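The following blocks contain the structures, represented as structure tokens.
Next, two complexes with chain A in common: one pairs it with chain B, the other with chain C.
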Partner chain A sequence: MPMSDPMLPQVVRVLRRRRELPEVWTLEIEPASDAAADAPNFEPGQFNMLTAFGVGEVPISYSGDPQRSQRWVHTIRAVGAVSTALTRLRAGDVLGVRGPFGSAWPLAAAEGRDVLVVAGGLGLAPLRPAIYRLLAQRRRYGRVTLLYGTRSPDDILFRRELERWRRRLDVDVQVTVDHAVGDWHGHVGVVPALIARADFDPARTSALVCGPEVMMRFTLAALRTAGVAETAIHLSMERNMKCAVGLCGHCQFGPTLVCRDGAVYRSDLLAPYLPIREL
Partner chain B sequence: MNPPADADVSPAVLTVDGFQCLIDELQRRGYRVIGPTVADGAIVYDDLASVDALPRGVGDAQDAGRYRLTRRDDEALFGYAVGPHSWKRFLNPPRLKLWSSRREGDGVRVEPAPEPRQPLAFIGVRGCELRAIAIQDRVFLGGRYVDRPYDVRRRGAFIVAVSCGTAGGTCFCTSMGSGPRAQGDFDLALTEIVDAGEHHFVVEVGSDAGREIMAQLPSRDATSADCRQAERIVAATAASMGRSLPAEGVRELLLDNLDHPRWDQVAERCLSCANCTMVCPTCFCSSVEDSSDLASEETARERRWDSCFTTDFAYLHGGSVRATTRARYRQWMTHKLATWIDQFGSSGCVGCGRCITWCPVGIDITEEVRAIAAAPARTGGSDHADGHAQD
Partner chain C sequence: MPTAMRRIDQIVREHRFFAGLTDADVDLISGCARNVAFAAGDYLCREGQPADRFFLLRHGRVALEIAAPGHGALTFQTLAEGEIVGVSWLVAPYRWQHDARALEPTRAIAMDAKCLRGKCDADHDLGYEMMQRFVPLLVQRLHATVLQALDIYGDAHKS
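Moving on, here comes the complex of A and B:
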């Protein structure tokens, strides 16, 4: 009985490509052939390894709706050779996929509680599947708040969707930018500053945080100040990753392997290590 | 490897000629026989055609940053400590093709790389190396995902262990509990006896496969005197070891001292050359490289050993997470001695001393631990460390 090889990518096709921002693209791809077709086949917070054949492989979080199992959605910023090659794929092109890998946002554990989603920059992408599920199962949760910060109004990811969510009466959506330009009339400043103004009950709030590491450190401090328990805060870490299955050693963060123990962590498990520089 | 089914496997004595029969028998059974031999002024592991390829009468002198072969005044076949090679280069080769792909029409077909047909037989695996293999077994085979290339090589491997009759200049296996006696998962374990014109091996059988092979070799039952002599040799080796690491508390010590000034001090000496990670028998980190022909018709992914001492290792968004040598040395040492325990259930160090010998500036991991232990300060990681200790 041949054992499956976790390093072997499956070949799938691009279904659709959409430009989000000047260097950010969303790819909709076929799910891996061994994934369930008619049931959720990944958990919000998980990621895939995507291969541009002949170029390389990178970890990319799911950014789509977990209820839509017929397509896997990934939002990619073109920064290096592999991510650039991936963002140049068109509908019908092939790519390699391994996954899903990694831990998930604790959405079941958050039922009955207020949920505070804090995202910075492209960190909104790994949180979007969680937002879809929160909204799809809105009655199971208390107050739902989304705080999103980005550099400038031109860098706002998923802008139309944010506007749509903002029109709902059962979600509080706040967007802030570091640098206001033109006709921006919204918040200006860093996203942790929005936490003090948000309406949630710290004693029964679950916080989901994803963004640049410095943003997450300050968010963590603001959440602590607000009185949210360390064990109710989850954050998604990012490290260089080559294998995604705990065998290559690249994604170590302190005693953990991000691919195996994360990328979504309960913050009390990371708290001793987050302040250590260059860990 | 399964332990022998019946308990009637008393130790045997094998002569040097009998040792040649062992190599012959392994080859006859289709094994690729690999063992120590001399190349480029060092003991390395390579294919062995006969007992004559073993480093007969060769010893070594090792110290921090120093390695020299010496001439012994006897004809011992295993009279040296471990060299720069370890068995990981055969179980997890330094460069390994994982798969290739070929364009077919408007699609792509991925083909797994071919697997080796020949099972491996390792001759001369030391106690520390048995421990190292067991540690890599936990990394590659013990988690949720099994590493297939390692698994196919490891599963059929036949292991002839050798207890050490001489301690190397940088060895500290006694303090790590991994040697100098060969113990653990072996098929046969030998202790070499070279004494007053006598030259033979006391052989302990560790598996059914080992017993089957032994049954084909010219040997006699070991007497209690033979066994006592073997024990004395191993005890003398254990007693002559100059270095040690504390058996307990190193994990907590290091995680509580992640900002200790000693890291700055060692960073001034460390060249970040990665030698320690290449020679370490447990360091397993790897990277992958994709390649393609000019037309992108055929592509391949190759895995190669990597090291946490390179700046690329922790590259993220335009820079390395560990830009300084201080951070990279700290990552290596805390991983080896501390966080390895969190990740894989044991220390990543076996006490073989290779990282000390092959460090071009002679950094000594045991000395670095002692320096931090001499002036510890609680600077970080402590909450988690304490919490974990109570689990």
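Moving on, here comes the complex of A and C:
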């Protein structure tokens, strides 16, 4: 993807802001001026560095439809100074953007295979562009299954969209929550437990996994038990990305730099390092 | 062998939890089994009552719940076709630690726990087969409980 200077943020405007959850907002922003305007100008799984001017810069994955090249969509949880400042931007406000950076979900390699998407919490956001593409090109894939887990029914991200996808007859969408009270009639339990119930052929399944790292480790174990090959599992990692171009080393994870070699990794390249506490 | 008995045999043999059992073991286990059905809202078991049965779900979904004053029923797990409701029958004092409520019309095989424990005591090979099936289930549920207790979704991810 062409970028004039990958270290120099371009100034763009917020087109729209939408509240998803109490601390989670989605921003639709103008694409960088050097991005292609009439074609997909990022790949599902990639991220941008977003700048709240005067506050700082953070890596945020794309969460929108890659076919909609006229606006870039990012879903942000307000957890620190920068992310909080970004979530307070309103339509017309400016921010800085550098990107797209990083690796992509292997959707071309998954063609002809079953696809199992496993998301936890806000990890659904980096997977949503991949889901849009899977559904847009549905005939190219075998069974498509989305397993989503979060804390409670009140914490379900993109709820209306999940409900819309559930109504389709060509995709299996299962949502589970860790705890529930009252009128919740869906699954209760952790998302890895849904893997054993899902209908897919492990020998020809590609799995895309994103969520808190602990959830991904448990999911990896469940996928292995189900017989999915390590080389067919991809994970999206989160680390402290700063330069985003593989120079500063802040996001080093084992022998890799997450900004340059990830954030999407094939599991067999990552698995040996996941249990190492010091990394 | 009566028709109903043969049907139980077949169901037990085909249930994934008992995959790989010998015909002799299936016969032994089936002697403790019977078909049961629950309407939505029915309780399969109640906290504090004797855990004299466990259930192999054949169809439907079941919520495991604990009642908490002021909060109503807290659901901590839902189970579906192919899964097992109840492990309290394995260890003394054989009392349910939670409620189990059918969320929709549910069919199951109810296993008489005292009957099965007796057969496992008399036939340790059968007991070992049962332990080989229940220990992974217990470990799996322990891991799930750890994951739930960690409340991992409070952490920021990516954004």
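Observations, loosely collected:
In this section, the second predicted complex is superposed on the first by the 274 of 279 C-alpha atoms of A that agree within 3 Å, B and C clash if a C-alpha of one lies under 4 Å from a C-alpha of the other, contacts with A are read in each partner's own complex, and residues count from 1 in each chain.
By our rule, contacts are C-beta pairs under 8 Å (C-beta built on N, C-alpha and C of every residue); 3 or more make two chains touch, one makes a residue touch a chain.
Note that the coordinates shown come from a computational prediction; the quantities given were computed from them, not determined experimentally.
In the superposed model, A:D178 lies in contact with chain C only, and not with chain B. Once chain A of one complex is fitted onto chain A of the other, the partner contacts of A:L135 are absent, as it touches neither chain B nor chain C.
Residue contacts after overlaying the shared chain place A:G54 against chain B, while chain C stays out of touching range.
Legend: residue contacts after superposition of the two complexes on their common chain; A:L162 is shown touching neither chain B nor chain C.
Of the two partner chains placed around the shared chain by superposition, neither chain B nor chain C is touched by A:V14.
With both structures placed on the common chain, the touch criterion links A:A226 to neither chain B nor chain C.
Contacts of A:V79 after superposition: both chain B and chain C are touched. Looking at the shared chain after the overlay, A:E238 reaches both chain B and chain C.
Note: residues 79, 238 of chain A belong to the chain B contact set and to the chain C contact set alike, using the contact criterion stated above. On the chain A side of its complex with chain B, the touching residues are 3, 5-11, 51, 53-57, 79, 92, 94, 96, 238-240, 242-243, 245-250, 252, 254-257, 260, 269, 271-273, 275-279.
Touching chain C in their complex are the following residues of chain A: 24, 47, 58-61, 74-77, 79-80, 83, 120-123, 125-126, 150-151, 155, 176, 178-182, 184-190, 192-193, 197, 210-212, 214-215, 218, 221, 236, 238, 263.
The residues of chain C lying in touch with chain A in their complex are 63-64, 71-78, 80, 82, 103, 140, 143-144, 147-148, 150-159.
Across the interface of their complex, chain A is touched by residues 98-99, 101, 106-110, 112, 139-140, 143-148, 151, 255, 258-259, 284-292, 296, 299, 301, 303, 306, 308, 313-318, 321-324, 326-327, 331, 335, 338-339, 342-343, 380-385, 388 of chain B.
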